[in-house]
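Below is one structure, written out as structure tokens; the observations come after it.
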Amino acid sequence: MGTTDTSTARSERGRSAFTDVMTFEPPADSSPTMTGGLIDFVFAEVWTRTVLSRRDRRFITLSCVADSDVEQPLVDHVYAALNSGDISITEMRETVLHFAVYAGWPKASRFNIIVDMQWERIHRERDLPTPAPEPLLPLVTPSDPEERLVQGTATFKDVNCLPFAPDRDNPYQGAGILNFVFGEMWVRPGLSMRARRLITVACVGFQDAPIPILSHVYAALKSRDISFEEMDELALQFGAYSGLPKAAHLSQVISEQKARVLDEWRAEAGTNSEEQP
Amino acid sequence: MGTTDTSTARSERGRSAFTDVMTFEPPADSSPTMTGGLIDFVFAEVWTRTVLSRRDRRFITLSCVADSDVEQPLVDHVYAALNSGDISITEMRETVLHFAVYAGWPKASRFNIIVDMQWERIHRERDLPTPAPEPLLPLVTPSDPEERLVQGTATFKDVNCLPFAPDRDNPYQGAGILNFVFGEMWVRPGLSMRARRLITVACVGFQDAPIPILSHVYAALKSRDISFEEMDELALQFGAYSGLPKAAHLSQVISEQKARVLDEWRAEAGTNSEEQP
Amino acid sequence: MGTTDTSTARSERGRSAFTDVMTFEPPADSSPTMTGGLIDFVFAEVWTRTVLSRRDRRFITLSCVADSDVEQPLVDHVYAALNSGDISITEMRETVLHFAVYAGWPKASRFNIIVDMQWERIHRERDLPTPAPEPLLPLVTPSDPEERLVQGTATFKDVNCLPFAPDRDNPYQGAGILNFVFGEMWVRPGLSMRARRLITVACVGFQDAPIPILSHVYAALKSRDISFEEMDELALQFGAYSGLPKAAHLSQVISEQKARVLDEWRAEAGTNSEEQP
């Protein structure tokens, strides 16, 4: 059974989806990239899919576009996310910090500047004053280094669904992972665990690091923060923005981790249930 | 006016195009990425387009896939390019060197290993001995450093369609650009100027370097090695493999450089001809 | 034993470290989240660490930032490296060429332009004329192709701590690796072997090329140019600027190569010493 779709109907659907997602009308650009690629595929056929919400697709897209180093798409997607109300300014700022860890501070610095500019722009367009940013302090995490490491270790195990954590006596593992990434960043309020997982899986996807890809896909599924179907959709959204080769690899890893998680759930349940929660 | 296309017909077209391009049948993978993304879009709707040949699309694709750091797609595309006969082993090996310069030696190292393995595999499959590689020496370029710099300077101006070249007294410009990149690599026989331009534009595209993107798009068009329509198709092929954000930027630069090149041709012709050669 | 470290004290330490490293004061806290992360983690807790000098951390950071394609951080870090006197202009220019090979010529082209601009800016700020660049010729390497290949082969083995080198009869291996990368670039005076190794390990890290990562980490340790502790610090510095997932992979490889190098030293020494030289 197939649905019939004239190329005109598809272009119209794409242009309509573009306006809905981006909060402004698509440009009148007739190049193959914009028509065949962006309108007819990315907007007509990816953004319109079900299972993963428009808001969730934004977290994935923002990460990929911020990684791509191209300014205008990032300006547009940040504007659209805030202007639509899908993502709050608090969530957006926490996204930038999370991205800084998973994609590097330099790219995050550009992302950060763009968020401030688009936030101001939106208020100017609405003839409203731009609210002051939330103060950084007080933090919700301990100051004492030993307490931070203890908490970071516990958070690492929680987030990664693992019974162990890395040894602290190593700069990258101790000062980096336990003290800051899991000792501070992952537990900051203002961005949900689910949103953090969407951003993280997209980032490890374009960062091409094999074990992090595997472990973050596993943890996102095992924790039930992202369902199997949602994860499949994530890979396609990611593919549109970071290219099909990386998406094909991510898709392969997802397939393997789904099987692993199912096996583990069955073993834990002591049954042979095929039910995917 | 539009053509009608059932989703089944499109999937069949995609699977057929996959087999034609890759020289083997598509896997039975029902994930959204593979069906919605790869088969229904990349193969059904990009590889099947006219204007740019299948062979030319391979040079662009190989560059993007080699940059993406994912092993299996690169293995598959190298195999397909050689197995189909679209690209000779000599051309493929020169492609690896050209890619090394424009995308970095470490990524090229993996590309190089894969080329050797797939070349051997193809011969094994055909029950033939693997031919010996061509000897490196003698080179076609001068040995004397001063002569190399003079030739490199002339080649730089030719390839870039510029009346000037960088000053030699700088390691990157002198030892690198003039002595090696243009003094040796661009003039090596075994890979045409046209193929080199396809690879270069793809590489500067994913390398996100603003001035090289501009200058290599300009030169590819100004030299008439790549036509306006072929360049538009390049951007879409590139977008499928490196992601739509980078392709949107490349598409924008192409639009600007087309206008610039047209203006220059008109000024040079002293007429107001609209003909695009 | 833990020292008390209020988050205010940490911010102060971070702001002080920023000024010390960057040679200018940190920006005002307009985005506390991001600025908090950058100041409180990257500057307060990474740059202030011992074992790896501020100068050495700059070689790693410059490579990662130049790869990230974001202009302002690269401008700032180039300015800071030259303005502080930690890196000389000769070293900086050789760094650009080394980076060109290991991260791609297009990215290096932007890095090159920025170096020239910041060098001029520093002299303008000091009311001094900008010195003329050093002449490229004469080179210290042979001109004859056969001699270059012989020397390149010897240098390849030395630098990589390997008893073999790639076969010359292949464009990438012969014209590229043996004739240019090791036949010219690695042996250029003006940048020490140690600095070259820091840059190379950072580059192979973000280039995601598995075998080069392994081989360059191995060689840096085996040669004793970089100690085990210094290499661990490199991974953390790298992680802040290129992202956690890539740093996780690099960290894993470092762990494996340390074990391998220790085994080799013990076998060579014929003893069971635990001392790391």
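Going in written order, the chains are labelled A, B and C, and every chain counts its residues from 1.
In this text, contacts are C-beta pairs under 8 Å (C-beta built on N, C-alpha and C of every residue); 3 or more make two chains touch, one makes a residue touch a chain.
Chains and their UniProt names: A, B, C = Carboxymuconolactone decarboxylase family protein.
The model shown is predicted, which means the values in this text are computed figures rather than measured ones.
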**Request:** Please decide if copies subunit A and subunit B contact each other with the same set of residue positions, more than half shared, or with different positions, and reply same or different.
**Result:** same
**Request:** Please report how far subunit A has to rotate so that its Cα atoms sit on those of subunit C, a copy of the same sequence, as a value between 0 and 180° in steps of 5.
**Result:** 120
**Fill in**
Rounded to the nearest Å, the gap separating the Cα centres of subunit A and subunit C is 30
**Message:** Centroid from C-alpha atoms only, then distance subunit A to subunit B, rounded to Å. What do you get?
**Reply:** 31
**Complete:** Touching two or more other chains in subunit B are residues 69, 208
**Message:** Show me the residue ranges of subunit A that touch subunit B in the complex, using the header's touch definition.
**Reply:** 1-11, 29, 31-34, 36-38, 40-42, 45-46, 49, 64-65, 68-70, 72-74, 208, 232-233, 235-236, 239-252, 254-255
**Message:** Help me check something: in the complex, which residues belonging to subunit B touch subunit C?
**Reply:** 69, 93-94, 96-97, 100-110, 112-113, 132-139, 143-146, 149, 167-177, 179-181, 184-185, 188, 190, 203-204, 207-213
